[in-house]
Amino acid sequence: MPTRIRIWGIVEAARRGDRASRAFDILILTLIFLNVLAVIIDSVESIRMRWGAQFDAFETFSVIVFTLEYSLRIWACTVDPRFRKPITGRLRFMSHPMPIIDLLAILPFYLPFLGIDLRSLRVLRLFRIFRIAKIGRYYSSLTLIRHVIKSKKEELVLTTVLMGLLLVVSSSVLYYCEYPVQPQVFSSIPATMWWAVATLTTVGYGDMYPITPLGKTCASVIAILGIGMFALPTGIIGAGFVEAIDKRRNQTRVCPHCGKLVDADD
Amino acid sequence: MPTRIRIWGIVEAARRGDRASRAFDILILTLIFLNVLAVIIDSVESIRMRWGAQFDAFETFSVIVFTLEYSLRIWACTVDPRFRKPITGRLRFMSHPMPIIDLLAILPFYLPFLGIDLRSLRVLRLFRIFRIAKIGRYYSSLTLIRHVIKSKKEELVLTTVLMGLLLVVSSSVLYYCEYPVQPQVFSSIPATMWWAVATLTTVGYGDMYPITPLGKTCASVIAILGIGMFALPTGIIGAGFVEAIDKRRNQTRVCPHCGKLVDADD
Amino acid sequence: MPTRIRIWGIVEAARRGDRASRAFDILILTLIFLNVLAVIIDSVESIRMRWGAQFDAFETFSVIVFTLEYSLRIWACTVDPRFRKPITGRLRFMSHPMPIIDLLAILPFYLPFLGIDLRSLRVLRLFRIFRIAKIGRYYSSLTLIRHVIKSKKEELVLTTVLMGLLLVVSSSVLYYCEYPVQPQVFSSIPATMWWAVATLTTVGYGDMYPITPLGKTCASVIAILGIGMFALPTGIIGAGFVEAIDKRRNQTRVCPHCGKLVDADD
Amino acid sequence: MPTRIRIWGIVEAARRGDRASRAFDILILTLIFLNVLAVIIDSVESIRMRWGAQFDAFETFSVIVFTLEYSLRIWACTVDPRFRKPITGRLRFMSHPMPIIDLLAILPFYLPFLGIDLRSLRVLRLFRIFRIAKIGRYYSSLTLIRHVIKSKKEELVLTTVLMGLLLVVSSSVLYYCEYPVQPQVFSSIPATMWWAVATLTTVGYGDMYPITPLGKTCASVIAILGIGMFALPTGIIGAGFVEAIDKRRNQTRVCPHCGKLVDADD
């Protein structure tokens, strides 16, 4: 059992001072980083031609390491009181988001052996990138950013809903304006939504744009409203940061009546 | 009369605990949502070809429900003391923005029966989407966003006016720069306004752009000034959120030790 | 003399309660507004063809009114103690920005009579639009926006200087990257500046873009740095608004030691 | 030795009241400014044709002045206690960023004499522009901006890391969506990154864009997430400015009536 505790301590995020665990974390993160790099570079035809074998070898090596790590994690997770039961505990552990990502990142490699060969599943290899999220724990500012986004969650969701409404209305309006003149371009409302997204986010590729005076007038109003799509979330997040900083400072706030500390969350 | 009161309670926004009214709200909102979806999907040629009849049937069904709801609302509105008088009260109720939207959303369906058949009026079906505004009441953060925008209304209106001025000046300047060289593209000031909107909002479709050195220089200055079009409203709204949060906190700030109010300004 | 004082009171911005002056202001502003509208609409070829004579008549009428107003202003300005001297006082008044704009807006009309006929000077008619700045005085929120921009002037100027540096560096770098491959497009550093402005302001027309891998890599870094061009001024202006609001509130701030009011500007 | 101290005083940034040093600073800055201007204008083919000789002469003159200045700086730097030792002290001085920039800016001129003639090294002349950073010291608001960016460094670095992750994920996803249909355009993940940068920064050149429905849907989500790329840094920097201003004010806030410090947190 102590071996299992030690293994669990190593495969899980490193506690301060646990050198072996820290080294393991760095090793895995480096491997993830190299994997992401490999996926990116491997997509270049000319490189794939020349170094394909090497990339495949590295892929095999990586999957073996990741499989080993995944197995160790599953084997040792019973150390955690939440996953104590040998089977149901392990299954519960496996159904957490991080282990699922870990599994999805190694699964596509094994599928061909099971007779399933979907090259499109190779895209799942990219899931490894999300494991970088692990590094997050080492940064306190990520906590701040996450805290701010969390505390403003409702406002941000609402902004997204407003965006969605604006998107639907703008693409419908533009569709009715432009369809009669450019039936190939503004062919349907869903097709026009692509234009609406490009306009409201101010990306503006230029593959679709209105040509009728009415369409241009409506599009102008929509583009200007699109500014709100930047102003609202930016204002909300900015206020969230100010608030978070205020709160932190106020933790030393003293009541002027009794002289005691006013709790941060009053 | 009690029936009318009950009906009014149901067709109006649900009060806490009124299950029938809540269910009715959800039903209507679901129907609105499905209608918006139908309008969007129905615009795709290939889907329209195959499922046109079904979409028309659903449209008929929806209009019947909405007409029924509208009639009930008109019939029952006399319960509200503001619309107590049978005729003038009802007319006053009907002239409110929400009932007008409700009417506009069902009217196009009946016009052909009256001998008027303007297919372009079908666009009015989209008005139904605005009825989604009803959900707004369930979110307190919408109140916050609305409050912030309202409290900064004057500044935001002014920013819009400044934008308008900038728009007129930029399109006039660019017209005088580019018209002699690209008379087909920068054909008039109103036509150049389309360019100015695309530039000031940083959308930049690329269908119109200056080619003369002078035009490019002016356009550069205009594009940089366009940044202010993001900075001003964003700054105003951000400050509004900070202010709103400050106010809310200061109103209820009580020292947890002595129970006295920590003064808003201390 | 009392006539002159009365005239001066009328032609200058209206004081509260001075109805004649208010009416005069509204008349002039309406005329300015119609003039701007005329300049815009008049630029449309087809309208110019049909209504050219009417537009010219309106132009003549406007210039007569503006000339009259300008003359009255010059004649009456000696009422103001600053411009008391008949000649030097009037000249000093005429050298202020607003009267210069007024003059530039009417001058092009008279030049043909003096033998000078530069159609390009017609653009000066647009100067009339700046006279709309007059309305500004009626809005207190313009004062706030102006106050915020003024108080943050140094930071905003510096941001503009940083933008300028970034502009020069980016266009030089891209020129050296892309010139060998696209000598027609990235033909010189000044020509590349047009690209740099379009990229840093995120307008992105698409008339110029790098095609070499090195150029694309540099352009990516530049585009990401361009985000700072929005973040810095927005942050500065946002903080300025928060500060301005804080100051206003603090005007009622009480010192906790002696209980007296702490002055707003301490 | 006193000559050396005087020279050091002159070549280094001017202290208040040191007129000779101030004049020297202005001279060098003007020369830098003219050099940058020359590099820019010299890149225009037609100007290069006609004024090439003059530009070369100016270049030679500038390099002589900069070489002289650099030599004087190296010779006199031993005055500073940090670089007191004749050889190691000077080497340490030379390895500072500013002297390195100074060297890189003059080096390309001398390389041809050493038998090395890389025209591409001419780009190094642009390094002179960074010497403009010197002016920075005269502006207190640059200190504020630098302070804010520094105090928010960790958050901004993190935002950049998040951007990087988003960039990798978006370009991989779009590559897998679009490669089968547009193998020439979305040819590899690194090639797709160019699209991802243009979309996330909302530049949107329009040289690459998805055409498949799945690609467009993914691109829409990515473009909307791109708004966060503006909202996060803007919010962070905005909060930094608010905080910096708050701190400054609170440090010096004294009640004007009783003279006591109004505590920062009260």
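Chains here go by letter, A, B, C and D, matching the order in which they are written, and residues are numbered from 1 within each.
In this text, a residue touches a chain if its C-beta (ideal position, glycine included) is under 8 Å from a C-beta of that chain, and two chains touch if they have at least 3 such contacts.
All figures in this text were calculated on a predicted structure; none of them were measured in a lab.
Looking at A-D and A-C, the interface holding more C-beta pairs in contact is that of A-D. Using CA-based centroids throughout, the chain positioned farthest away from chain A is C.
Averaging Cα coordinates per chain places chain A and chain D 31 Å apart. Chain A and chain C have centres, each the mean of its CA atoms, that are 43 Å apart. Counting partner chains per residue, chain C has residues 190, 198, 202-206, 230, 234-235, 238-239, 242, 256 touching two or more of them. Those residues of chain A that touch chain D in the shared complex are 36, 39-41, 43-45, 120, 123, 126, 129, 132, 139-142, 144-145, 148, 160, 163, 190, 193-194, 197-198, 201-207, 229-230, 233-234, 237-242, 244-245, 249-250, 252-254, 256.
The touching residues of chain C, counted against chain D in their complex, run 154-155, 158-159, 165, 168-169, 171-173, 175-176, 179, 187-191, 198-199, 202-206, 209, 213, 216, 219-220, 223-224, 226-228, 230-232, 234-236, 238-239, 242-243, 255-258, 260-263, 266. Across the complex, chain D is touched by residues 202-206, 234-235, 238, 242, 266 of chain B.
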